[in-house]
C-alpha cells in the first residue's frame, strides 16, 4: 500500500472509524509498503528520462506497439531491444512517440518527452567487426539512458598496438564497456591500461571451440587484471545499463 | 514487526499516544509485516515438533552447540545434518536437549519437547548399498519431521524383480523418495508402478562417467514416467523436506 | 495373468483337469500377474476422467487422429501436447470427441465423456512473459487432469514486490508450479514464502549463458529454500502431472 | 602388395629375374603386405553377402550412384544409410542392382548377388515411438548383414511390465540391441533380465535436459547391470554392425 | 517363489491341503515367479564357476568377509574388485575359501569349489603402462569368469607398429578388450584390423584436458571403425563381463 | 623509458651530445614510453594508500616476507590474500610494517605509511554463513583500498524478508557486492531493489549440482535484473577491487 | 610514429625548432613507435606475396569487394575465406585483381602482383571425405601463402594401412597438417610415424557424441605422440597459417 | 623385419635355401618392415643426443632407475619428467649416468654420453609466477633436446607493457612457447607481435571458473591472431617437444 493509504488508514483508526484489529489485518496483508514506495521512485525516474525497456525478440509488432502506447499514455518513453528492421518499420508507423531507430543495434527508442541531456563518459570498445552489433546495442542503449558515449572499434589483441593507440580515449572515460568474441582477451588488456571499471561483454562470435561465447565468457571471468566484471553473452543492453549506473553515480 | 507489535502501535494511535505520522513512518520502515507474521507462524510450527535444521558440515561442534542451545532457550527443537561421529559426540555431551543420533544418516536431533506423533506414509527406496547413507539421511529427517517412514533398500533396476517384490510397500505410501546413483534409473521405474508422487535423489555414487552424480541427475530429469520431480545430488534432506510437505498436505 | 485366471487354473489343478507340472509352467510364464492388475487399474482411472496423453511434436495429424480415435473407441478421453495450430485444426476436424484447443499451451483435449469435476488448488506462477507458453502448458494440462488452477504471471524476482503482492494466491494453493527461465531464481523465493510443495520448471528462455535452460535448471536444483523439486527444461506437462498427483492425494 | 604379387616377386628372385637388392627395395616399400591380405579377405566377405556401407547424409544422389555402380562393377553389393526419400528415389532409378529401400530406417540396399541367408538371432528393442527410426536403422542394417532380427517396440521402463511381457523374445536372442532416448534406462533393465550381451544405443530424443542424447548416453554407460556396452548417439548402424559381429561369432 | 515351491504348492492344492483361494493369494503376492526362476538359474551358474561379484571400494574388510562367508555357506564362490592390499590381507586371513589375490588388478577371488575350466579366447590390450591396472582388472575378472585370456600391453598408437606386430594375437581372439587413456585412439585402430567385436574401456589417465577420461570416452564413442562398443571409464570389470558373455555365447 | 630519461636524451640531442640517429635508435627500442609513465602513475597511487596485492596461496612465508620487505623498502604498503593462519603468523613476526591480519578473510595488510582515509560506501552482502569467508575477503580488501564498508550477512532469498529488512543499508551504498553460493539468486533480487551497481560473486558452496560454483555463476550471469555484473567464483578480492574503482570514481 | 617521423622530430630538437619539453610530450603520446615499425614490416611482407586475409562468412559481397579494392589500391593481394559460391561470383565480377576461386575450399584469392614462388613442403592429410572442405581450406590457403602442398585424402585410422601406404609422402614434408573429425585419432598416429611437426585440425563432423567437434578436439590435445599441436575446430585457415610459418622458417 | 633380415631371406630364396612359399609366408607375417626401419632410425637419433623420455608421476624410484639403467646399458641417455624431489634424490643416488636435476621443472636427465650441442633459439614465455613450473618443464626439456632456450617470465597481459618490453627477445627466437593460466590471453598477444610460430600451453592455475585450465585452453584455441597452436593443459613437455621439432627443422 502506498504511504498515503497507510496514513488514511491510521487516521481512521484514530477516529475510531476502523478497529485496531481490522487495521492490523489490513496492514498484515500489505507486505510491500516499502516496495510500493520503491515503485513510485521508479516512476519518478522514468519521468526524468530513463525509458522503459522492452525485449523485442519474441514479441510481435502489435504487442510492442501496445506496450509503447501504454507507456506513452503515462507520459513515459519506451525503448525496444533486439528488434529487426521489419518490425521496427511497423512500430515506427504505429506509435505516437518520437521514434529513433538504430538498425545496427536493433534498438528503437520512442519518446514522448525530450531526450535527456547526456552526461559523463562511457567508452564502448569492440575487438572485431563481427562484434559490432553487440557493441552497437551497448552504445545506443547507453546513449538512450543519458550517457555520453565514445566508440572504439576493431582493436582486438591480435594487434595490441591498435588498443594502445586509443589509450587517450580510454583514459578519458569514467567506465569502459569492452565487447569481444573469439578469445575474449581484450577486456583484461584494457583493464591493465586504465584506472576505471571495465564491463566485459562476451559475444558468441567464433570458430567451433568458442562454443557460442563460452570461451570468451570464461576468459573474461579469469581476466588477470582486476577491475573487470562480466555480463551475459551478447548482452550489450546489460552492459550499457550497468555502465550507466556507474557513470551516473553521484551525478 | 510482529503482529502483536502492530496491534500495540495501532492501540497507541487510537489512544492518541502515537501520532498518525509517526505510526505511518514506523510502519513504512517495516515492509516485512506479513513476513514477520510468517516467521511467527514458523515459530509456532517449531513448537509443534518441526525442529530447526542446521547444516553441520562446515561448522565446529562449539558452533553447533551454540545454535542448539539458543533454540532450546526458545523452547525449540534442533536438527543437524551432515554431522560426523566425532562432532556428534561432542555435541551430545554438551547440549541440554534429548539427543538422538543416527551415524548412518549423519543426523542428530536434540529436542526439548516431546517427539511429534508421526503421520501418513513415506517410503524411502534406495537402489544400492552405496546409496545407503543418502537414503538414511532422507529417512531420519523425514521421521524427525513427523512422518511415518518405511525403508526399501537395495532394489536397483539391475534386478527389476526386486522392486516388483516390494510393490505393496510402495503402493501403501502417500509419497515415495527414490535414491539412486550410477544410472539413476530407479525413480522412473518406480513411478511407472505407482500412483503417488516420486521425489528422486541422484547420488554421487558411480564409476568415472557418473561425473559426480550428473549422469543420475540427468536420467531422473528425463524420466519417461511422469510423476517424478528431482532434488539436488546427494540431497536426502531436501527430498525428505519436500516429501514431508506432500505427506502432511491437508493433515 | 489376472487373479480370476489364476483362480480358474488352480481350480483345474484341484479338479485334476490340469497337471501340477503344466500349471507350474503356465504360472512360470506369467511374471506380470500383479502388473496386469495395475494395467486394469490404469484403465479404470482413465474412465474416470484422466485423459491419455500423446506427445504431439513428432507425429503427423493422421497419426494423432488415429490414436485419439482408438482411445475414443474404448470410451477414453485423449490429450495431445506440443501440437501446433495447423495440426490442431486437422485433428479437430477429424476426431469424433469434444475438442478443446489451447493455442498458447499447444494442448488439445478430445473427450468422449464429460469433463471431470475440478478439485483442490494448484497455482501456476511464471517469471516472465517469455515463459508464458510453458506455464500455459502446465495450467491447461493440470485443468484437464481435474485440478482447479490459478495463474500468476510475470512476477520475476527482478521486482520482488510483484511476487509478494500475490502471496494470498500462493498461500491458498495446495501445490505451486513455478516456471522460470533466465536465472531461474523464482522457485526458491516462492518456496521461502509458503508452506506447500513447489514444483519448479526451468525454461530455455535467456541470453547466451542460459545454455538452453541449463542455468535455470541448476539454479532450481540448488535452491536455498527446501520444498522445491524440479522437472525437465520446458516440461510444463511433467510439472502439471506431478502437481496433480500431489493435489489429489487422499481426495 | 597382395600375397600373389609377393610370391611372383620371390619366384623372380629365385629365377634370377630380379636381384636381391631390388626385391628388398620393393618389399621395403610395401609395409602393408599383411594388411593388403586383410583387404582381400574383406573382398571375399563382401562377395559372400556383406554389403559395403555408404554414409548417405552428406552426399548427392549422383555421388551415391557412382559409388554403388563402382561396387557393382566389382560384383559387390552396396548399402547406404541416412538417406532421405528423394535421394533414395533418384538412386533407385539409376543403379543397376536390385534395390530395397526402407523409408523408416533411411537405409537403401542395392545388390548384384543374391541376398545372404540370415542366421542367429538379434533382438532390436526400442523404448518409445520416437526412437523408432534409429531402431529401424539398426534392424534393417542387421538384416542386410545377414542376421535374423526380431523387433520389440515401445517397451520403455515407464511401464516395466511391457518389457517383462516380452521376456521370451529377449531370451531367444544371441545379442540384444536396445535403443532408448530420454532417460536411457531400458538397456540396464533388459540386461538384468537376460544372459546375453546388450548393445545400447542412446538417441537424441527428449526434452531440454536430454542435451541431444547426452543424458541417455551417460545413463547407459553407468548402467547398474553388467553386460551393457554402448555406441554413439543415434548410431543404429554401429549397433547393428557390432551385434552382427557377435551374432556371427563362430558361425 | 522358486519353481520347486510353486510345484509343491500346486501339489498341496491338488491334494486339498491348500485351498484354491489361499493358493491364489500366495501366488498373487509373488509377481516374480519367472524372475525367481532366473535367480535359480543364476544360482546354478554360480555353482558351475561364476563367482558372485562384490565391489570392494566402499566396504570394510569385515563386511567383505561377511558377504564371502555367506556365499560360501551356500556353496558359492565370491569375487571382490577394487580391493586394496591391506583389506585383501585381512580378507584372506579370515575367509574359509581358497583365495587368489591379484595386487595389480585389485581383485580377490575366494572359491569353495574348483576353478572352472577356461574356454574361448579374449585378448586384453592396453595402450600404456599407466592403463595397466584397469587392464589387469579386466584380465583377472575375465579369467575368473572362465575365459582364456591373452594380454597385450603397451601398444599405443604413438607407435602404430607395436599393435601391428601383435596382429596374430588379436586375430586369434573371439573378442578383444582394448583399454586406453589419454587420446583413447587404440580401440578404433584395433577394430580396423580384426573381424571380432572390440569392447573399449576409457581410462582416467592423462594430462589436464583428458578431464578424467572424458576425452578417451568420447574418442571411443566416435571411433571411425564399426565394431567398437564402450563401457564406463576405468570399468575393467564391466568390459570383462561383457566380453565373457560374448566369448561364451553358444558354448 | 621513463619521461625523465626521454627529456635527458632530448637534451643531449639538442646539446649535440647524442646524434639524431642514435637517439632515434634508442627511442625505437622503447615502445613502452607511455606505458612506463603509466607505471610511474601506479607507483604514485601506491604511495597514496593503495597497497600492492600479493596472492598468498602458492607462496611460502619466506617468499611473502621478501615481497613485502621489497615494497616497504620503496615506502609502499603491501596486502596478501588467501593466506592461512600459520603463514600469517610467520609473516607478522618477520616484516617491519604495521600488520593487520583478518583470519576470517585470510587477508594480511602490512603498512609502512598511515592507513588511508576511507571514503564512500560499499555494502558487502552475503547469502549464507558458508559464504562468509569470501564476503570477508571482499570486505577486508575493500577497506584496505580505502573504502567505507558495511556488511550484511545471512540474507539469502530463502527468506526474502531478511534482505527487505536491510533495504536502508543497501540504499545507502554507492555500490553493493553480493556474495552467494548454491542458487546464486541473491544478486538479482538485490539489484531489483536498488539503483546502484551490483557486483556479484558466486561461491563454490553447495550440494552436488552446484558443480563448484558453476550453478551460482550461471544464475548471476542470467540475472533478470539489469545492474548486475559478475566476477570469478570465490573471487572476493576481484569484487572488492572493482567496487573500489566504482566507489572512488570522481572522488 | 614511424621512424622517419622520429628522426625528423629529433632533427628539429637539435635545430632548436622544437623544444625538449614539446618533443618529450609528443614522444610520450606515441607508445606504438616500435609497433608501427612492425606494421611497416607487415606491409613489406604483403608486397612480397602474402595476401591479406578476409573472413568472408559474415560479410556481403559489396563489403568484400570494398576491402579487396582498398588492398589492391595499395598494391597488395587479398584472400577471402569462408566464401560461398554466389558471393564469390559477385566478387569475381567486381574486383580488378586476378582472381582464383576454390569452391571446395570456399577460398578466393585476388592478386594484383604475380603469385609468389612456392617453397618447402606441407602435407595436408584428411581422415575422411566429410573432412574434405576443411582440408581444402588448409591446402588452398597454404598454397596462397607460398608453400608447396601435397594432399593425402581419406586415410582414417579405421584402416591404418591407408596411412602407412602414404608414409613416403608424409616423410617428405617439413610440416604435416592433419584434419580429422569423429574420433580425431589420425594426428596422433601420424605423429608417431614421422619426425616433423603435426598441426592437428579437429572438424565438426560426426554422430551425436562428437558434440560439434569437441570429441576430436580433446582427442588431439591428448594425443599420445608428442609432436602434435592443435588449432580450433574446422579452422583450416589457422592450420595453414601456422604450417606456413613453420615451413618458411629460415627460408 | 629389418632390411638386413629381408636381404638375407631373399638371398636364401635365390640360393634355394628357402622355398618361395615359406618366404612369402614369413614376409606376410611381417607387416612392420618399414616401421622397424623407423625404429632403427629412432635408435640412431637417441644415440645422437635425444634422451628417451619417462613420465615419472606414477612410477616408483626403483622402476625409474630400472628404465634408466636399461637405457644406459644400450648407450642411451634418459630423461624423466614430473619427478618429485624425494624420488629424484633416490634416482640420482642409484643410476650410473651423469645426472642433472631441475627441482623447479621436476625434470631429471641422466646421460651416458656428452650433452648435445644446443642450436637455434626457443623463447619460453610465462604469464605469471604461478605458471613457472610448467614453463620450467618446457625450458628444461627443450634444452635437454638440444635447443638454445631463453626464458621470459611474468609478462602477463594485465600489464601489456611488460611483454612489449621483451619484444627483442621474442623476435630473436625461431619458435616461442607461451605458458599461461587464468585467462590464457598471452599467446594471442604474443603471436600478434612476432612472425614465428607460437606454441601455447594452458595451465591449470586460476580461480574457480578457470575449471582446471579449461578457460585458458579455450582462449588459446580461439586466439584472434593466427600463428598459435595449442598443446594439453600443463603440458610443458609436449610444447618443448613440438618447439624442438620446429626449431631443428632443416638443421
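Per-chain residue numbering starts at 1, and chain names A, B, C, D, E, F, G and H are given in the order in which the chains are listed.
Basically, contacts are C-beta pairs under 8 Å (C-beta built on N, C-alpha and C of every residue); 3 or more make two chains touch, one makes a residue touch a chain.
Since the structure is predicted, the reported quantities are computational estimates derived from the model, not experimental observations.
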* Asked: Given the pairs F-G, B-D or D-G, which one repeats the contacts seen at A-H for over half of the pairs?
  -> B-D
* **Interchain centroid distance [CA atoms averaged], chain A/chain E, Å** => 60
* Asked: How big is the gap, in whole Å, between where the Cα atoms of chain C centre and where those of chain D centre?
  -> 39
* Structure fact -> chain C and chain F have mean C-alpha positions lying a whole-number Å distance apart equal to 50
* Which parts of chain B, given as residue numbers and ranges, touch two or more other chains? -> 29, 31-32, 34-35, 38, 159-161, 164, 167, 193, 206-207, 209-211, 214, 217, 221-222, 232-233, 238
* To do: State which pairs of chains touch, listing all of them.
  => A-B, A-C, A-F, A-G, A-H, B-C, B-D, B-E, B-F, C-D, C-E, C-F, D-E, D-G, D-H, E-G, E-H, F-G, F-H, G-H
* Asked: Any idea which chain C residues touch chain D in the complex?
  -> 29, 31-32, 35-36, 38-39, 55, 58-59, 202, 204, 212-214, 217, 232-235, 238
* Structure fact -> Per the touch rule above, chain A residues touching chain G in the complex are 129-130, 159-161, 164-165, 167-168, 206-211
* Structure fact -> In their shared complex, chain F is touched by residues of chain A numbered 31, 34-35, 38, 41, 45, 53, 164, 167, 174-175, 193, 195-197, 199, 217, 221-222, 226-233, 237-239, 241-242, 245-246, 249-250
* Structure fact -> Seen from chain E, its contact residues with chain G in the complex are 127-128, 156-160, 164, 182-185, 188-189, 191-193, 206-207, 209-211, 214-216, 218-225
* Structure fact -> Per the touch rule, the chain D residues reaching chain H in their complex are 3, 6-7, 10-11, 13-14, 16, 20-21, 23-24, 27-35, 37
